[in-house]
Structures are given as structure tokens and as C-alpha cells.
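The same subunit A turns up in both complexes below, where it pairs with subunit B and then with subunit C.
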Partner chain A sequence: MKILDSLLDAFSSLWLSCVLLVLLGLLTWLGTLYQVEHGLFAAQVKYFDSLFLIHQAGPVAIPLPGGTLVMGILFVNLVCGGIVRMRKTKATAGILVTHVGILMLIAAGFVKAYYSEDGHVTLYEGQRSNLFESYHHWEVAITEPLPSGEVRETVAAHEDFFAAGPGQSALLRTKSLPFDVEVTRFYPNCDVFPKGPMVGSDVPVVDGYFLQARPLEKDNETNVAGAYVTLIGRDGARREAILHGQSRAPLNVEYDGRRFGVALRREQWVMPFTVALENFEKEDHPRMMMPKSFSSDVVVVEEGSERKVKISMNEPLRQEGLVLYQASWGPSNARPGDRLFSTLAVVRNPADQYPLYSCIVIAIGLVMHFSMKLSKHIRHEAEKVA
Partner chain B sequence: MDAQTVAPQPRKIAHRTFSAAWLAAGLLLAGCGRPGHGEASFSEPITYKPAGQTFSVAKSDAERFGVSASDFARGAGASGGASAKSGGKIHWETPQGWTELAPTGTREANFKVGGDPKTECYLTRLAGSAGGLESNINRWRSQISLPPLSAAEIAQLPRLEWLDAEAVLVNFEGQWKGMSGTEAEEGWRLVGLLSVRPDESLFLKMVGPTEVVSANLEPFVMLAASFHDGSGHSHDGEGSADASLPQDHPPVGGVSAKPADAALPADHPPITPAGTPVPAAASADNLRGSTFQWQAPAGWQRGADKSMREVTYLVEGAECYVTLLGGTGGGLLGNINRWCGQLGAKQLTESELASLQRIEMLEGEGVIVKILRGESAAGAPEALLGALCVRDDRSLFVKFVGPDSVLEAQRAAFLDFCRSLAPLQ
Partner chain C sequence: MKILARTLALLLALAALLPFARAAQSDEAAGTHGTLHGPLQRSAPWPAETIELAASLPIQDGGRIKPLSTYASFMLLRLNGKRAVETSTGEKLSPTEWLLDVLFVPGQAESYPIFMVADIQAVEAIGISVADKKKRDRYSAAELRKGRGKLYELAREYERIEEKNRSTVQQQVFSLALNLDVYERLETSFDFARHDLDISGSTGLRKVFGADSIRFSQLVGRVPEVMALQRGLRSDTSAAPELQALNRTLQEASSVSQGTGILALVPSLGSVKAEPEWHAAEDLFMRAFEPEGVDARYVTALARLEDVARSASDMPRFSKAISDLHGTVVPMADARGEYEKIGLEISYYKANLITNSLVVFILGFLLAAGLWLAPRVKALYLGASVAVLVATGMLTAAIVLRCMIRERPPVSTLYETVLFVTATGALIALAMEWINRQRMALSAAAILGVIGLFIANGYETLDKKDTMPQLVAVLDTNFWLATHVTAITIGYSAGMLAALIASVYLVSKVLGVKRADPQYFRNLTRMTYGTLCFGLIFSVVGTILGGIWANESWGRFWGWDPKENGALLICLAQIVVLHARMGGYVRDFGIQMLAAFGGTVVAFSWFGVNLLGVGLHSYGFTSGIHTALWTYYGIQWGLMAVAGAHHIYERARDAAVQEALRSGSREGSAKPS
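So, the complex of A and B:
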């Protein structure tokens, strides 16, 4: 019990709260500076999605706790100090409610970080899709076409192979496939080139092609990943291949009389409905070439029924737990009459509305607390006068 | 937190704080972390029907990577060529003195330049945006030992229309390190066009010793202008796109026997791709282009439509045409001085630029410049009256060239024409 009490004391410490809040401020500041040079995604990964990080201040390397660690401890600290150890009296009711609201907000961030899906669907007028893909993450996808016109897919997530390289390959396997996939090298940004007689290559050349690594782009969306893989059949036969994120079609392989497509692609999700882009409209500011607004007229097809919806910049489509926002359009150099495409950002976030609810709870808590303080102050003043 | 929280003794605070932090870190670390290598499982399979697409796999690596390594049918030394890929068939005219080589790997069209074994020029077509414009430009810069350009600097590079899309023109000099970074050739020059599109991207690159590349700029321009898809649609550029080219660089694209080509040698072949359509002079609505509308001055005759030009007018032996470019199109002073170079006139300074006439144009400011032909440009038009409206996103250039007397007589009409230009709504 003494150990538990000691732990509870430590985690409910007001000093701990102060240290954590200072650290959060510091991470935000450093992350913002880092973003200028390295882009938003890299800053997010290094400073906020991490447990620990090394901040390079000139020649000095400073170890720091990452945003995930700080927020995790802050949550525990708030539960222990702001809920469990707090006196439950009428006077502290407002503060308790406020702390609950803050905890809800942190929980919403956790759900968003670990359980949301975030991507886009890009369509030209007349096109339709029931898939959306990630801006940032890659996956190795094995697709098997079925006679019904459907496909059966199994995928391996980015986290399972991103560190593959010489001496540390990633073996991806499942019983449902007649082969395993060993990722021997993964490049987050690379080109694929045929190996000509005048071209040097210090990486493996597979079937006349090789991958040439390139520095990471600041805008992570523009990086195109590639990987060297070895397909290993159940009989031990090995086949080497190159997968590249910009391939026009998957690699064709056959095992046990079954045909499979193997691809390295942006992480992809299936929507429970189909979106068809009927018309994309862009309105420019009067006598200028700067877009004022743009919107997409889409048809949402679900279980045989169709529904027409206009998605504009401030009016997203909410359906089946997904939110589709009007994100962008292109080509940027299109002239009047050119065929345009529309990009709809797609988000599946179970905690989509939590921030709103959290803010309401926090507001209620603060109103309760300050109302009590105000009434107490008025009573004291009245007593003074009396 | 509230002041009523039970607080521990101050001397224990630091110890407890740190012990709590380390304990939490340990707990979190124990439950987290996928190393990104080792062994992992595929997800459980899911079955679905993709909407709007049919699943297909590639028959070959060439098809998968969008690289035509198989088109070796043409012999070397042909005067013209063609190549078919998913993006359509492309034809070209091999410049005189150049030797066309068989395509290799990603090189759709491949040339030995001017008989020099080191200098090469080739067209590359890649699927999708091929990594984007910025990364490709900076990849080229790294090959020639130059530091990368920022996005803002890249936005300043000149643009022109090439093969039905916008292309960026680059011109770099430095030490050539090669594709693999293993070479070290001093005094090399790289000139290229990059057209990055969502579906496929095209790159035309000439690289070699500076003196050879410099001597072959005109053939390079001719080659660029000659690329077409065989449909008869024009793919030539326009002279004003070469805003930031070096002084010895001829205008990119353009149409033969037009003022923009006046600086070309007399025996220079016309920079007009075969099959360039010349639509009827007067369309149903001759006061509207693809992007702009305007009021045509009385007495001006609309000329045949040209690639890269919004509209062309002819009046008493003078020609006036409007060009729209992406970005700043090379900037205000850069374009004016390019025009000065075409007419063999003295270059303007910043202070002289500041004193030029301004008019209201496209709800902004247009700069009016008058340039008279210098002695060194005997074949150039006698005078040029220009209006430039340069903005960060797009820039408009109105160029009026011909006899000085005509330009002066039409000056008021020219200014009214410039003021009347308005984007289509």
C-alpha cells in the first residue's frame, strides 16, 4: 500500500503538472521551428508522435520526452491529482467537471492519433471510387482477383517494414497466402531506373531495374517509396522483385494456381459507399484568377440507392462515420474548359465530435466554478456592507 | 489542478516527479514499439468490389514502371522519330547535325548532340508526377553540383506551354557529377524542360560541355518545338517564355517568320512543328480567348491563332499579340531586357524601369515600355511597344511590334486594348 500511495503522490503532484505543461510548450515551440525546415509531417512524427527524441540545438544534442509520452503522463497526472486525490466538495465541483473535460480532450487526441483513418479520394469528373488512400503511409498489398469481380486483399502496414535495410529485413507472412514477402530494403523516397550500360548502381539490380534513393521531400505527400522484396513460396523458392509506389499496376505472381498482384502503395481503405464525381465547380474572384470557392457535386451510392450531395469547402459530407471535405483541385495550370479533378479529404475519426463535447464540459465546469466564486464574493461584500 | 489538491512534502517533490516520469515512460515503452523490421503478419484478408476500376496486373516490369525499354525498332540516324507509350504516341524532328540513337530504358527519344560524344539530349516520360517538379529540378541541380532551389525560386523559373501542358525551363552550369554522382566534369551546362503532370511527366534534357551545349541551343529549341502527338495539334512554345534564358539562347518555340524569331539566322529552319493547325482568323466570338476577353480596336484584324498566344492582331504591317504565362514568367525587368536583347537595344536598369509609364490593367498595374531597334539587330522589327502585367501566380504580356510610325499612330488604341483585357468569368 505504501508503494501505491507513494506512486499516487508522485503522479498527482502539482509540480509534475507544471513540468509537463512547460515541456508541452517547449515541444510545441521546437516542433514549430523544425517544421519550417523539414515540413509538417516530419515535425509531427519527431516531436509529437514520439516517446523520446533528440533535439539538435546546433552542435548540442538535447534529449527530450516526446509529445506522446508527455501527454500520456499528463493524463495520468490529471486523473490522479485532478480527480482521484481532489477533495470532492461543493466548492470543487466546477474544477472536477473542468478536469473531466480536459481528460476528454486528451482522450480525443489519443483516439484521433491511434484509431482514425485520414486520407483522400481524387476523382476526375465522371469517375467514381469506394476507396480512399493515405497521404503519408505505405503498405504492401497482396490482391487476389476473384471470379465474381471482387478482390481479396491482405496488407502489411508501414510500421512493419519501414526500417527494412541491409541486415534487417522484414518478413511479412500469413497463413492465408501461399507465399511470404520479405522486404529487404525500403526507401521512403526513390526512383526506379532501368540499369543501362552507362548507369552505375550500388544497390541490387533486379530484372534490369534498380531503385535510386532520393532525399526526403519537405512535403511528405510528394515522397514516393520503393522496396526490394523477395517472395518466398511454401516450397522455399525465392523470387526477387522491385516494388515502387508509382507503378502503374501491381507485380503479377502465381502460386498454387492462384494469381496475385503485389504492390507497394499508399495505405488504402474501403468506404462503405461509392462516391461518383458528377461536376466540379471553381469560382474565381471577380476579374482575378484566384479561386474564391470550389465545390464538388457528387453522387453517393450505397446499397443500390443514390443520393446527390454538394461538397464545398465548409460543407463536408458526413456518412457512415466518414467525413469528406473539399480539399483541393487540379491541375493547377488548367485553363477554362480543361478537365479538372477534385480531391476530397476523407477522415474516419471515432472521436470526431469529442473536442466539441469536451469544450462544452469544460465550459460548464468553469461556469460552475466561477459562479460559485462570484456568489461567494457578492455574499462577502454584502456582509461587509451590513 | 486546484490548490486543494493534497500536496506532498516539497523535498520529496523532485524525487517523486522524476520517479513517476520514468515509471510512466517504462510502462509506455513496454507496450509500444514496432521496430519496422523482423517478422510481422499480414492483416486478415478483406473482400470487396472496387468501384469504377477493374483490377489488373502488369505483364512486364516495363509496363509496371512505365518505362519503354522495348522500342528499339528505329535505326540510328533517322531524321524523325516516334514513340508510343500509354500517354500517346510522340513524334519529333531530329535537328540537323544531331544523331538520333535508339531509346534506352527511360529515354523515349535519345540523341547525340552535334557529333560530340559527351553531349547528349533525351526525352524521358515517367508515370504520374514522377516525384514532383521541385524534386526533379533539384535532382538535376545536384547532378551538376548546384545547391537545391527553394519552392519560391522554382516558382520564378520561366514557364512555357509544351506538349499541351505547362513546362518549366531550366538552365544550369556547373561541375557535372552524373546520374550516380561518380563523374567530375568541369564546365558543363544542363538545359532542360520539365513538364510535371498528374498522369505522366515529360523531361527533355540536354547536358554536356558548356561550349557544345551553348552552340546547340537552337537545335534544342527546334527539337522541343517539334514534339507533337501526330494529331496535328500544336505543341510549340512561344518566344516570350525564354524570359530568363541566357542572352545567347534563342526563343523557345514560336512560329516562323514572326518577330519573335527575328533574331534567328536567315537560314534557320522555321520553328514550327509539322501539322500545326492555323484555325480560321475569325471565330464565332472573336473577342474571347480561352482565358481572356477584350475589346478589339477599330481597324485591327485578328490574325491566325497561335500556340501560347491568347490572341493575335494585325494592323498596318504591325503585329500585336497577348501571351499568358504561369508565375512571374521571368519577372518584369527580365522580360523587358529580353525584349531589348531581341531588338539589339540597351538593357534597362531598375531606375529606368521605375520611370516607365503605368496603366490600369487587370485590376492591377501594367507597365508600358517602348523599345527601338538597335544597330546590331538588323533583321528585327523596327520598334516594340509592350505592356507587362506581372503577378506572382500568372503574368500577361502584350507585345506590339512593327514600324515605329504605326506603333505611335496606334498607341492609344494599344493602350485601350490592354486596359480592356479581362479574365473570363
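So, the complex of A and C:
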């Protein structure tokens, strides 16, 4: 019991809060500067989504706790010290409310981190789709055309194979398929090259081709992944192949008289409705090249009913737990009258509105606390004058 | 008789100018640039009421409708680094007068030294003699044109170098070329109006117009007839020379109207929604060839512009022409509801509220400084209070006027954050003064006002752009500008004010001011703490609102974008102070040190992240801020270092004194035994 008490003491100390807040500030600052050279995604992975990291300050390597660790302990510290252990009097009411508000904000973060999906749907005018795809994650998709005309899909998610490399292959196996897929190497960004007589390669060459890894781009969505896979039949027969994110067609294979397509593609989700892009409009300020507004006129099709919606900057479409935003457009070199495409970012986030509620709670808490202090101070000054 | 005398005088004046004209023709520049068509000199200053009318002409520029005076003043600021011209003959010109000269007497304007070059090397690089020039000096268009070819050649070369990799001289050559280019486009923008199209070679055209030469507007008004004529000639093989003459005229009209788009002075006749773009000779000429042709009112407007350009050598006629032009285009703009704010904007710039407020703040600061030397003089306190109140009032009025002109919340650009931070900071300090009457907050308000408005004016001069620009798509939302941006900016304001009070504390400590008055220091800490608490509410709420806005427009609440991180850093810096104080880890001195450091955190978030040039929020990039920012970091951190060293020294000394006292008392007690 005593150990638990002193542990609680340690985690609820104000000293710990101060240290953690300073550390979080330091990480935020370093992570901001890191973006200049390495881009947002790399900075996020290194400084904010990490447990530990080595910060390179010129020739000096400084080990630091990562953002996830610092924020995790800060969360415990907030619960223990800022709520459980705090004196509950009239004077601390405002602080308590504020802390509860911050917990709500953190809860929103957790929900978003573990229960949200985000990607985009890109449509040319006149196109429609009920799928949206990830910016960052890849999946191995195995498709099988059925005699009925439908297509059966089996999908392996990013986290099942992204770590594959020499000595650490990832086996994707499911009973419904007559073969396994073993991912032997995965490259988050790479090109496919034909192996010429003069080109050396330290990676396997399959059917005259090999994958050459490239450094990651600053914008993660421009990276194109590739993988070496081995297809293993139930009889143990092995067949090596290369999958690449920009292949036009899936790899076609046949097992037990059934035909399959195997492909590496960006992770996809199905929306409970279809969006059709009727018209994309980009308006510039008069006689300038500066954009004034972007908007997409879409039709939302759902079980027979159709609804016209305008999605524009700052005015997303909310429908059945999904939110669609005007994110991008193209082609960037389009001339007047050319057919345009619009990219709508799609997010499923159950905690979509939590930050608003927590903002209100925090504001109430802070105003309560500081107005109490201020009125005390004014009374005090008035007494002094009297 | 009178007319004869005037004509004679004019002829004599023109004769006197002939040497200038020849000089202008003979130099290399005139050869590459072409001949200036306007009259070379004006006979007298433009009449005051004519300047006023010209100033209130509406123009579409930077995506919005503004008075010509605003356009002229920012154009001049861009070229000259200030909003006035002093000619080589000592005449002082306002921006509107200068623009009238450039447009209508280009031969005179080209001798004005209005191209500010910060480093003489940039001018040497283009091979101009700089014998009598200072390192930082002004040049006239006529002077620069001696090296025009080299200037544009170098600029084309440097254009290929990314801006951040250009050397200072390269960058200066490059922007000098841009400036000369925009100037040349301005001075030739009325060539179409001054030029007579010679149609004597075409019988058909002569028949249509009944003359041997015509104005540009006449042609524009009758393009359908000209085209019919052209069609007829095309089918007739024997009429080839006639067709050629006609085509030459069209070619000539097209070429004189080219580049006039720099001044869109003709309001569109359609609705604002359907036809947002205003017109210039260039696009009206193109439009004349479309099936529906050009409305007669556009032709009238063009004719009015021609009248102005053609009467520049005759003041009374010129005044009337400007008045007629005003009478034509203003109703057109008014019909679209685009003239309503012009008067307000002219008054705003005329009142010069920002600079006047700065002057009164300086007065307030001087009175407050006097109050420090003579604390008991009530008149000084009253005077300082009134001055700071009036200055804050003027600044607030300026902000309100800007909101009214643009129909926007108070902050939508980086420049406006400076105004708003200064105004709210001064108001917070005044409120504190009202509560505690300690005179310190009053001084703080005065100092903040002086520094803030000094920065605002400096920023405007550095940026050289209209401070009421149109906004990019994502910012075009009054709801979020009013909530998130306002809250964040109030947070900045409180953070900077707290850092200022903390700096006063630290300086006082180091200099040993009020050493015998611990109450003075306790009061300062209370003020710093109070300001931080006030600021924290706005920083936290503003930061979260920013996340909510990001969620509305990009689909994510938080993305570790530099501007978001900056806001988080401000919140963290302020929260640390509160928790460290609560835990008893810092007391007066520690709170003040943290608050002073917080000022640099605010500065990083406010300006620093924009200099990084990454992220979704980098829409306020201004390169010259770099130096100012690092100067501030240097001063603030230097002060902290000195104050820290001083603090350690004082504590060590106090400890030594204590020790000496203690050992002294031990010795004392030892003696009797």
C-alpha cells in the first residue's frame, strides 16, 4: 500500500508536471525546426510519435524521451496530481474544471488515434466512387473474380507486412485462399527497374526486374511502396514476384483452377454512400493569380436517394460519421475549359466534435479560476486604498 | 489675346525643354525602350482639387477596389522606400501627384530619384556611373536606363537562382529590375491614349471614320464595322494593299494598348458576381472582337482616359478632363456597390492615425519617464494618462476603420496582428493601471505603444504591399478570423506585455533602481502574473479553436504544423510559469525570468515560424523580419543572462554577509566568556 502511495505521490508531483511541460515544449520546438529539412511526416515520426529519440545537435547526440512517452506520463500526472490528489475546495474548482477539459481533449486524441480512418477520394468531373484511400498506408489485396460477376477481395493491412526485410519476412495466410503470400522485403519508397547486363543489384532480380529503394520524400503521400513477395501454394511450390504501388495491373496467378490478382495498393475503405463529382470550381481574386475559393459540386447517392451538396474550403460535408473536405485539385497545369479533378479528404473520426466541447469546458474553468483571483485582487487593492 | 499669350508661353516653355527631349532621345535607354509620347514637362503644379479628384478615382488592384491614392502610395513605397518624392529641383510630391506625373508627363517624372537601392554594388553591376552617389541612395529612371539592357540581362540570369540562394546584390539587382519594369509599364500605360492611329492608307477606314487619323477609343467603338470591311477586302484579291493598311492599323492599336492592364481603371458594367474583373484598354480592345462587341459606355470611359492624357500640357483642360473621367467611372463603380468604401479609405490614410498615435504614445512615454524622475508631480501623471489614453483611442479608431473598410474582423494579416497586439496590450496595461494606480502599468502601456507602432510602420515599409490585401481561400472566413485569430492575437499581446513588465523588473534589479522598495518589485510580479493568467485563457482557447478550424477545413485537429506548434509553445510556456509558481519552484525573480523568456516564445510563434517557410500557415513571409526578430531574441536573452548573473552574484553576496554576521556574532559572544 505504501509503495502505491509513494508511486502516486511521485506521479502527482508538480515538479514532474513542470519537467514534462518543459520537455514537451523542447520536443515541440525541435520538431518544428526539424521540419525545415525533413518535412512534417518525418518530424512527426521522430519527435512526436516516439518513445525515445536521439536528437542530433551538430556533432552532439542528445538522447531525449519521445513525444508519446512525455505525453503519456503527462496524462498520468494530470490524472493523479491534477484531479485525484488535488484539494477540492472552492478555490480550486476552476482548476479542476480546466483539468477535466484537458482530459477530454486527450480523450479526443486517443479516439482519433485508434478509431479514425483518414484518406481521400479523387474524382474527375463526371466520375463517382464509394471508396476512399489512405495517404500513408498500403495493403496487399488479393482479388478473385467469381462466376457470378462479383469480385471477392482479401486484404492484408499495412501493419502486417510493413516491417518485412532481410531476415524478417511477413507471412500472410488465410484459410479461404489456396496459397500464402510471404512478404520478404518491403520498401516504403522505391522504383522498379529492368536488370540490364551492366547494372549490378544487391537485391533479388525477379523476371528481369528489381526494386531500387529511394530516400523517403518529405511529403509522405508522394512515396510509392514496393515489395518482394513469395507466393506459396498448398503443395509448397514457391513463386517469387515483385509488387509495386504504381503497377497498372495486378499480378495474375492461378491456384486450384481459380484465378487471382495480387496487388500492392493504398489502403482503401468503403463509404456507406457514393459521391459523384459534377463540377469543380476554382475562383481567383479578380485580375490576380491568388485563389479566392475552391468548391466541388457533388451528388451524394445513397440507396436510391440523391442529394446535391457543395463542398468548399472551410465548409465540409458531414454524412454518416464521415467528413469530406475540399483538399486539393488538379491538374495544376490545366487550361480554361480542361476537365479538372478534385481531391476530397475523407475522415472518419468518432471524436470529431470533442475538441469543441473540451474547449468550452477549459474556457469555463480558466475564466472561473482567474476571475475569482482577479476579484480577490481588486478587493485587496480597494482595501489598501481605504 | 489671352489664348494667344498662353499658347506663346507654352511654345516658349516647350522650346526651352527641347534640349532635355534630345538628351532623353539620344541616350541608349530611349533606344531600347522606345520614345516617350507624353508631354515632357508640366507647366505648373497640379491644382489641389484636381489631385483630390484623381486620388479618389477607383482602381482595381490586388483583387480589390481601392482609391488611386492608395495604389499610388504603395507603389511609391515599393520603389522609393517612403511615401513622398523630392525631385531634383526640390519640389515635394505626394504619391498621387507623383503618379500623375509618371502617367501624364513621363518625360519629367523619369528624372525623379525614386528608385531606392540599398547597396551601390547593385548599380555598379549594371555599369552605371555612381561617382556622386552614396552607398545607399536613390536613382531616377533616366539614370537606371543607361544600364537597362544589362539590368534585365542580369535579372533574367538571377531569376533562375532560388530566392534564398541569391546573394544580397543579386537579390537587389533582381528587385531593381522588377521595379524598373513596373515603372516602365506605368509610364507607357497611357501611350494608347496619346497615340493617333494613322488610317490615311486605307480608303475603307477613312470612309468609316471620316478622317485621316483616329483615336484608339474610336476604333474600339466601331470594330464590328472594321471587321465587316476586313471580310469584304479578304474576298477581293485586288484589294491586298488596302487590307494590309487596315491590318496594320489593327496591329498598331493592339500594340499601343498592350501592357495597359497594369491600371484597371474602367469598372465593369455587369454585376460583381458575374463580371468581377475591371477593364483596361488592352482587354476592351480584345473584347471588341467578340460577337457582342463593346458597350458604348466602355468607349466613353476610354475616350475620357484619352482626354486626360491628351490635355496634360494644359492645366485647365487637364482639370476638366480628370473631372469628366471621375464623373464617368465613379457612377459605373457605384452602380456595382464598389465605390462605397473609397471615401472611408481616403479618410483613413489622410487621418494618418497610426503615425499620429505613435507620436502621442511617444509623448506619453516622455511624460511617464518624467514621472519616474519626479514621482510626486500630479500633472505629469495626469498628462501621461491622457496621452496614453488618447494614443490608444486613435489606434483603436484606426483598427475599427480598417474593419469597416474591409468588412473583416480586426486581424486578417500579419501587419494587423501588430496593430491589434499593440492596442490590446495597451488596453490591458491601462486596465491594470486603473486597478492598482501604481504608474508602472501606465509606463508599460506607453512603451508597448511606442515599440508596437514603430514595428508596425517598419513592417509596412519592409513589406511594401497594400496592408489591406485580399485573402487566400482558406482564410476567407470571418467567423474563424473573428474567433481563433482574435483570441490567439490577444494571447500574443498578453505574452508580450508580460515580457515587457518582466524586462522592466529585470532592468530595475540590475540597475539597482528602487532597491529600498520591495513593494515595487512585488507589484511588478503581480502584474506579470496577472497578465500571464489573462493571456493563458486566450492562448489556450485560441489554440484549441485553431485546431477546431483546422478540423473544419483540413480534416484534422492537430498536425504538428509549425504555426500550431508555435501556439502550443506559448501555452506551455505560460502553463509552466503557473505550475512552477504553484509548486514554489520559482518566486518573484523566477517568474519574471520565465515571463521574459516567454516573450521570445511568443515572437517565435508570431514571426519566427513564418521565416521557416514550411507548413500550411506560412502566408505571412517577409524576409526583412529576420534581423528584427534576432535582435529581439538577442536583447531579451542578453537581459536574462545579465539579470541571472546579477541575481547569482547578489545571492552569493547576501550569503557572505549573513555568514559574516553570523561569525561576527559568534566572536562577539565568545568575547565575554
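By our rule, the second predicted complex is superposed on the first by the 354 of 386 C-alpha atoms of A that agree within 3 Å, B and C clash if a C-alpha of one lies under 4 Å from a C-alpha of the other, contacts with A are read in each partner's own complex, and residues count from 1 in each chain.
The rule is simple: contacts are C-beta pairs under 8 Å (C-beta built on N, C-alpha and C of every residue); 3 or more make two chains touch, one makes a residue touch a chain.
Bear in mind the structure is a predicted one, so any value in this text is a computation, not a measurement.
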item: Subunit A as common anchor, with subunit B and subunit C clashing or fitting; value: clash
item: Which superposed partner A:Gly58 touches (first subunit B, second subunit C, both, neither); value: neither
item: Subunit B versus subunit C as contact partner of A:Phe370, first or second or both or neither; value: second
item: First, second, both or neither for A:Trp15, with subunit B first and subunit C second; value: both
item: Partner chain(s) touched by A:Gly261 [first = subunit B, second = subunit C, both, neither]; value: first
item: First (subunit B), second (subunit C), both or neither touched by A:Gly304; value: neither
item: First, second, both or neither for A:Phe294, with subunit B first and subunit C second; value: second
item: Which of subunit B and subunit C A:Pro286 touches, first, second, both or neither; value: both
item: First, second, both or neither for A:Glu150, with subunit B first and subunit C second; value: first
item: Identified clashing stretch of subunit C versus subunit B [150-158, 456-464 or 618-626]; value: 150-158
item: Doubly contacted residues of subunit A, that is, touched by subunit B and again by subunit C; value: 13-15, 17, 284, 286-288, 290
item: Complex contact set, residues of subunit A against subunit C; value: 13-15, 17-18, 21-22, 24-25, 28-29, 31-33, 35-36, 39-40, 43-44, 48, 105, 108-109, 112, 118, 284-288, 290-294, 313-316, 323, 325, 327, 345-347, 352, 355-356, 358-359, 362-363, 366-367, 370, 373-374, 377-378, 381, 385
item: Residue numbers on subunit C that touch subunit A, as the complex places them; value: 60-64, 261, 264, 276-278, 435-437, 470, 472-474, 476-477, 480, 526, 530, 533-534, 536-537, 540-541, 544-545, 547-549, 551-562, 565-566, 568-569, 572-573, 575-576, 579-580, 582-583, 585, 604, 609, 612-615
item: Parts of subunit A lying in touch with subunit B, wherever the complex brings them together; value: 6-7, 9-17, 19, 51-52, 65, 68-69, 72-73, 76-78, 81-82, 85-87, 91-92, 95, 99, 127-131, 142-143, 145-146, 148-157, 159-165, 168-174, 176-177, 189, 191-196, 199-202, 207-209, 212, 214, 217, 219, 222-224, 242, 244, 246-252, 259, 261, 270, 274, 276, 284, 286-290, 301, 330-331, 333, 335-337, 341
item: Residue ranges of subunit B touching subunit A (in the complex, touch as defined); value: 1-2, 4-8, 12-14, 16-17, 19-21, 23-25, 28-29, 32, 34-53, 55-59, 61, 63-67, 69, 86, 104-106, 126-132, 134-135, 139, 165-166, 178-180, 182, 197-198, 290-291, 326, 362-363, 393-394, 422-425
